[in-house]
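Structures incoming, each one as structure tokens.
What follows is chain A paired twice: with chain B in the first complex and chain C in the second.
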Partner chain A sequence: MKRDTLWGYLFVVPNLLLVLTFLIYPLLQAFRLSLFDAGLYSQTFVGLENYREIFRDDVFLISLKNTFYFVILIVPAVIVTALTFAALMQGFKQRTKAVYRLIFYLPVVMTPVVLSMIWRYMFNPSYGLVTYFAELLGFGMVDFFSSQTSALLALSFVVVIWMLGQPIILFLSAIDGVPPELYEAAKIDGANSLQAFFRITLPMIMHATLLITVTSTISVFQIFVVIHLISGGGPYHGTESLVYTIYNTAFVSLEFGKASAQSVVLFGIVAVVAAIQFRLMKPSMN
Partner chain B sequence: MYRKCLKMTGILLLAALFTTVAWSSVQAEEPQITIDFWVGGGNRHIPGYDTPNHGDWERLLAREFEKLHPNVKINVEIISFSDIEQKVNVAVAGQNPPDILYDNIPNRVMRHARNGELEPLDAVVSADRDDWKEDFLAMGTHNGVLYGLPLSSTPTMMFVNKTILERKGVAHLLPEDRHWTWEEWEEVMAAVSDGRIYGTAFHALNEQADQLMVCHLVGAGSAWLSDDLTEFVINSPEGFEALEFMVSLIEKGYVAPGPASMAPGDALELFQQGRVATLQYVPAVYERVAAAIEAGAADPTIQLYGMLPPTKEDVAPRLTVTGEEGYALFKQDDPYKKEICLEFIEFLASPEHVRLLNQATVKIPARYSATYEIEDPEISTMMGKLAEYPVLDIGKSLEKYADTRQLFYPEMQAAFLGLKTPQEALDSFVSKANELIQK
Partner chain C sequence: MLRRLSVVVRHAVLLAASVFFVFPLYWMFSGSLKRPIEIWAYPPKWIPSTLQFSNYTHLFRSKPVLQWALNSIIISLITVGLVVILSAAAGYGYAKKRFPGSRLLFSLIVATMMMPTQVTLVPLYKLCVSLGLVNTYAGVILPTLAYPFGVFIVRQFATTIPDELLEAAKIDGAGELRTFLVIVIPMLLPALGALAIFAFMHSWNAYLWQLVILQSESMLTLPVGVSTMIYEEITINYGMAMTGATIAAIPLILFFLALQKSFIQGITLGSIKG
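Right after this comes the complex of A and B.
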């Protein structure tokens, strides 16, 4: 083996060990455990029985449905909103851009726990800030958690606010990388701002859009903290996501085999969705 | 030169050997140990001590014990009741549980006793067993061995904010026998509810304090469990009638908004703000409201009047019980550390400490010698009244009791929101809970 190649492998080995220990090994263990009826103290091989059980479990099916609702609501909202803000900020001076970047990125650096606790108080129907302003405007008391639909929408809004910062930064960076000659040429050809945006900017930043779409989708599929701290999965499982169900199955019911089976299903879904997204968006990049 | 170097090396080696032996012998006399002490909730406002925050009491006791045993370090970690079950389960699954746990004995600790994770605590009570009430010790006993040492328990009751009733001109409806029927309770709630102030508050966000809601559900005379504790029976006509009554109160606007997503702490917060006229809770509210008023965090005009839980006409009140917190010791490999841990638990559960804790939280102590004087006539009258009524067994001794709690609150949410009828909600809960406990 060439010396350079050897050094390359040596530098990669520590990271590889971390990935093997904290990603690959737990993944393989989850696959293995999903075939067992595993509690705290015993494991019995049951084959695919856990998978049969979870697809007969109403709560799991509801959480699967809710997770897809979250993805459908949140991911497009994040992409469209972030892209809109990034496009609007494109013409700002650098200093103004920096101020807005800070404002939008603040929720990202705040821990989700703090964010969730603040929103929980804001959503309180009796003394929360949302009800206070609603009453000032004459709407009366607002209880977002009086129905499953409004609870889902409320939590989706919180997640969108939290997730906006990073896509905006990425879009800004991608838009800055578009050669200005293309816009000049378009202007000469008589294109207006909107035409330039849809015909030049959007295609040129497709790589960033793909990255944001895939990472946002994966993040939303794993949504947990806001649900645990704001709604507790309620009302009546109305905001319960897959990861929240996995958490309850593992650490409340102590059914680690079943929780592993649920995790494997989640892994499969995320892998398929990410693959579809790559397939759909790659031609546009080319 | 060479011989000089050899001599010096020999002297140095001997000195190192001697130091190591000496240090080891010192270490052998007083091994340094660290105890991880996890506390559910944590206690505060202990009479005579500066303990304004949850967990200050436990930290204070840990520091006092450390002074008695300089080789012992105690790491106190305060965890909320809503999170402690999962945290301990995760720790046990990772084979890294705490050394000592302070948590609700029948609700959560006894699961670990049944799984063989705990050390026996009989040695802690052996010297003064006569001072301990046997029904308290029974809560923490499995197969004849004591694994959990409860320090207290507390019955649930109803609080009325007399000030709200006075302002609404219905203070005359307060009964001297401290009991309302449903009709009388509803009459008061109808008089006080005005869209800003509500008659009462229900909560069903999670399993915390679900005993308070259970108390309402048995208000028409239904049983919760069968006599032999083998099945839940709350979906009886009387149980359905009680839940239907609760739902009707919500529909009439007598209940604070958002019961399906309200935590018990939120309900208490509303009561402390003077937004709710009556509230089913525990006697500790006497202390909490007083402390909150002193801290400027509650409506200073609140006047508390204790009541028995309201029931349907001709149905005698039955009380649910909660607050059975106490200590447990997870399995220890080191005999010396186990000895120190047992000594620490004995220290924590001394008559004086048990008395102070129960006095601060207005609970019933597990030790006879920990009885305390109640100076406030209102509290004294109410505690005496509560002692006259029977306690409902809600199945805390069942192996899967903690799991059945996870099935209960979603059905209450569904009923409160109208997603299910009261009958459907109770039938669903009973069906799932019975399947679980009979598995």
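Right after this comes the complex of A and C.
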């Protein structure tokens, strides 16, 4: 009994020390720093001043709004598209499915950095490929990044392409897990394939859908690379995301206290979403 | 007949969508072969007129690309090795050892798994400044070693190891460490393989933290180094940028094609089956 205890600690302690040093301690520090006017070496206590400031700061408010826009635009698009693609593949041979899976997972493998670089090139207003097609379709030579709305839409599109790979794989395996007898029974009852999808498939994969919704929501809250490399936050801060603003406040303006307050806000929002995910995962943890 | 038709339509839809996923890859590679005059061409040139690699020679001469690749490889190999060992030990500990606080500590790990690491960006940077880790490999690697997802995935897998097996080893006189290395590790291999792939992707792609902690050009990793050709330039030379992007993309694409099966298994294993 005692020996088991000792060895238990020995096994978990190396990892635990790293978690405490590089995750928990900095998290607590973020809360503390948010109450200070802090640079790299100096800090003075200012109470809640940073919070008062950031909620009066237009750039932060825009980035907060944008982050919600991104969630509203991207998450439903990802869920619906991934689900549609997976459903379209239902009944295909495993090998055919594997080929499509590979294709849709390709952007994930290409890494966000590479993907962002390519799309920036394609969105170039004077010789980009997207611009060319926009002109062909009669929109004229549009600069997607000259207005906030079109820039947000363009960025969301890139993120959707980049995020789809994993949900498609998960939906495919969830759909594979639905017992085939259910479909046979439905067929006998005269249901067509659309009815079968809405009455059988969809309810059977509800849990997977919820989980994918929550995990994609959390990753959309963390968008950075796409903005950093495609729009640079512009036009006029119009596409900044929370993480992009945190990065700028900390490492361009060197206002560590303010950046920490912004981080705490991000933490608060994600904590709410994560609480929901934790609920969903609980049954499979024991 | 109708069924046949619907299969054709389904393929048509999926193939049309595939264009958005595959074509950028071609556009990147063909861009890397284009001279500036062809890059600026409008309407765009679909195929570069001559097969020439001057962007590549130029890039290798003007930027320390090989050094960046080496940095990326060193950093991700060390990270993957250590993450796998640390997670295997901790995951096994939480799954099979009874000690006070084990449930609480494991819940803590699961909770941190969902925390966006960007929240800790500023304090972590300050911590690394005070530890003298700025612009070092250790500065990149150490914070990423606390990879709660790894512990989680191993722990889930380790609970399925039968207790009788561990008891039998004990009766045979095997010590704790020997049991762990000779019996537990081999049984965890599928989970550890999936974990290794995730940890590799995670480390190879970790952008924001590397952007902050690495400061001299020669210390940058491949993705960060290559991306400087976009965000540090006033006029971007896309021929060069696409060359950099191609070089950065190739290792991971090859890695994925080689280990495709394990990737897919890992993704389904990593998500929690419902």
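What we mean here is this: the second predicted complex is superposed on the first by the 247 of 286 C-alpha atoms of A that agree within 3 Å, B and C clash if a C-alpha of one lies under 4 Å from a C-alpha of the other, contacts with A are read in each partner's own complex, and residues count from 1 in each chain.
The rule is simple: a residue touches a chain if its C-beta (ideal position, glycine included) is under 8 Å from a C-beta of that chain, and two chains touch if they have at least 3 such contacts.
Everything numeric in this text was worked out from a predicted model, so none of it was measured.
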Check your understanding: What is the contact status of A:L40 with respect to chain B (first) and chain C (second): first, second, both, or neither?
Key -> both
Exercise for review: Would you sort A:D143 into first (chain B), second (chain C), both or neither based on which partner it touches?
Suggested key: first
Review point. Who does A:S253 touch here: chain B (first), chain C (second), both, or neither?
Key: first
Check your understanding: Which partner, chain B or chain C, is in contact with more residues of chain A?
Key -> C
Review point. If you stack the two complexes on chain A, which partner ends up touching A:N124: first (chain B), second (chain C), both, or neither?
Key: both
Exercise for review: With the two complexes superposed on chain A, say which partner A:A185 touches: chain B (first), chain C (second), both, or neither.
Suggested key: neither
Check your understanding: Does the superposition put A:Y236 against chain B (first), chain C (second), both, or neither?
Key -> first
Exercise for review: Mind working out whether A:D4 is in touch with chain B, chain C, both or neither, as first, second, both or neither?
Suggested key: second
Check your understanding: For A:I72, is the partner it touches chain B (first), chain C (second), both, or none of the two (neither)?
Key -> neither
Revision key, fill the gap. Dual-contact residues of chain A, meaning touching chain B and chain C, are 40, 124, 126-127, 232, 247, 251, 256
Exercise for review: Would you tell me which residues of chain A are touching chain B in their complex?
Suggested key: 40-41, 124-127, 141, 143, 145-148, 151, 231-232, 234-237, 247-248, 251-254, 256
Revision key, fill the gap. Chain A partner, complex, touching residues on chain B are 85-86, 89-90, 92-93, 115-116, 195, 204-206, 256-258, 260-261, 266, 269-270, 273, 275, 403, 406, 410, 413-414, 416-417, 419-420
Point to revise | Residues of chain C defined as touching chain A within the complex | key: 6, 10, 13-14, 17-18, 20-22, 24-25, 27-28, 31, 39-44, 86-87, 89-90, 92-94, 97-100, 102, 105, 108-112, 114-127, 129, 142-143, 145-146, 148, 151, 156, 176, 180, 204-205, 207-208, 212, 223-224, 226-227, 229-231, 236, 238, 241-242, 244-245, 248-249, 252-253, 255-256, 260, 263-264, 267-268, 271-274
Check your understanding: chain C touches which residues of chain A in the complex?
Key -> 1, 3-12, 14-16, 18-19, 21-27, 29-30, 33, 40, 85, 88-89, 92, 98, 100-107, 109-122, 124, 126-129, 132, 161, 166, 169-170, 173-174, 193, 205, 207-208, 211-212, 215, 218, 221-222, 224-225, 228-229, 232, 243, 246-247, 250-251, 256, 259-260, 263-264, 266-267, 270-271, 274, 277-278, 281, 284-285
